[in-house]
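Next up: some structures, all given as structure tokens.
Heads up, the next two complexes both have chain A, just with different partners, chain B and then chain C.
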Partner chain A sequence: MATVNPTLIATVVVGSGGASSINFTSIPQTYTDLKLVASIRTTRTGSTQDAVALSINSGSTSEILLQTDGSSASSNTQGGYFGYVDTSSNTANTFGNLEIYFPNYTNTTTYKSFSVDGVEENNATQSYIMLTSGLYSSTSAITSITINGSGGNYVQYSTAYLYGIKNS
Partner chain B sequence: MADVIEVNCETDEVTTRPQTAEEIAAAEAAAAQFIAEETARQAAEKAKADAKAAAIVKLTALGLTADEVAALTA
Partner chain C sequence: MSSAATYMPIATTTLGSNTASVTFNSFSGYTDLIIVINGRTTRANDSDAVQIIFNSDNSNSYSFTLLYGDGSSAGAGQASNTSSHTLGRLIGTSSTTQPSMLIGQIMNYSNTTTYKTILGRSANQITNNYGVYANVGLYRSTSAITSMTLTPAVGPNFVTGSTFTLYGILAA
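So, the complex of A and B:
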């Protein structure tokens, strides 16, 4: 059985000044799939949920999402954001976590679908998970990925790691 | 406004820069949309929960047992 070994392509650890967005550019075209793993808390106030807005090649994306807090679930299509993460209203020092998977990101013949799961963890009585299917409606290979908070900036110690995965 | 962090994945060079006016406008528009949609979603969830609670009260008043109400509303 083949072993899949993700290769770390790039790392971002947000510093004390925070970050409005994280942009991975000049992504190598030498892998089969990409995986972006992030641990994020934003400066948004007034709600325990923020979500990550995602842009591929500086273009727009669309999505269908399923979200649940464990007691009820709802589905929706909303405007370009993917996966819940924590905000300044969450318990101190808690961060949301997020994984985005981009299969076949180098192909130039089909649109690029991707999947996202994001968890807002509050170390309290309620937290949320959002599962999202996304589509970048372009046949261009993915060469850059930008993420930013929908309702606030990323705080210090937020991290984002981009991995390349080969299927051979 | 916090800076943009850019990573060149070929060179591993990390740069930070201020957001452009266009990026700020896009972020503000996206944030407004997100917050409006989240507010609407949460309001819809609350309305649904309130309606369910009211229905349970009415069913109980009609004489249904707690088990019967649970079977209908689970």
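So, the complex of A and C:
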């Protein structure tokens, strides 16, 4: 049977009560790479962006961000925060979208490198494109991934999908 | 999720020793190609550009435009009439535990009517040196791409344990 790529491993759809985090646990160790695709909006008020943080195996990550807000581009380093999503202060019904790629997540020899492509478009003068380089400084295989918000809970209809990709 | 096989693994290699180049040359029957690299090069104390040529063509048929972030500032660049395309940047030997990653996409690679467009995206954690890197490239040839060769710009090698995987994307 031909390899089916990508294979959906797990889905999170935030319900009417909202959620403070999105968690994937017991990630099967049978794929080569992982792809996580998320569409998120938070309850934060007073700001048109909310940083989202990544935790792997309950451990921290480090990031370099490249971003533009529609008027200029900048780059900075972060400890855990890998992108921004829409908030309750943004245009209604707009969500920030993120795609994270983890190659060789089961290897136990090297640290884990990952990339993030993100957008936060909301038909306003300030929107964001984010490209992120990330590192999980552990040789442990990735078995769990958590996305945490910094300024508010995730609203209903926020979604996250975790896919597995095999190289053979 | 559809069970249709649309993202097919074509070939993969894990380097058993330091290696100067990696070539893929059997990938017919797809619409687009994706290459995923996870590894390092032997360049000391820096990141290293990963260069790609198609069909053994190292004439000046490549051009690219890039965007990068180094942790403190953002920048952009462009090059025309180059002898290879810079697909992205991997970390060198400044760390033996940190890998880096690169994903390249080659669209409509088998068509014999138009030039070929390539997207590159790489990630490493060397600050002040292209930690985040994205680019678009052009290969000015109407020939179908039947082979590709990857080399580090400085290297001179990709390090042991680096992985290279080529996927084919089938049109719906």
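By definition in this document, the second predicted complex is superposed on the first by the 163 of 168 C-alpha atoms of A that agree within 3 Å, B and C clash if a C-alpha of one lies under 4 Å from a C-alpha of the other, contacts with A are read in each partner's own complex, and residues count from 1 in each chain.
We adopt the following convention: contacts are C-beta pairs under 8 Å (C-beta built on N, C-alpha and C of every residue); 3 or more make two chains touch, one makes a residue touch a chain.
Nothing here was measured: the structure is a model prediction, and the numbers come from that model.
After superposition onto chain A, the modelled positions of chain B and chain C are compatible, with room for both. When both complexes are overlaid on chain A, the residue A:108 reaches neither chain B nor chain C.
In the superposition on chain A, A:27 makes contact with chain B only, not with chain C. If you stand at the C-alpha centre of chain A, chain B and chain C are 100 degrees apart, rounded to the nearest 10.
Within the superposed three-chain model, A:14 lies in touch with chain B and out of touch with chain C [touch as defined at top]. Of the two partner chains placed by the overlay, only chain B lies in contact with A:51; chain C stays clear of it. Judged by the touch definition given at the top, the superposed model places A:131 against chain C, while chain B stays out of reach. Once both structures are overlaid on their shared chain A, chain B and chain C have a minimum Cα-Cα separation of 11 Å. Across the two superposed structures, the residue set of chain A contacted by chain B and also by chain C is 74, 76.
Residues of chain C touching chain A in their complex: 1, 3-9, 12, 36-38, 67-74, 76, 97-101, 103, 121-125, 127, 131-132, 134, 161, 163, 165, 167.
Every residue of chain B that touches chain A in the complex is listed here, in rising order: 1-12, 14, 16, 19, 23, 27, 30-31, 33-35, 37-38, 41, 44-45, 48-49. Of all the residues in chain A, the ones that touch chain B in their complex are 9-12, 14, 17-28, 47, 49-51, 53, 72, 74, 76, 78-81, 148, 150-154, 162. Looking at the complex, you find that chain A touches chain C at residues 2-8, 32-33, 62, 64-68, 73-77, 101, 103-104, 109-115, 117, 131-135, 137, 139, 165-168.
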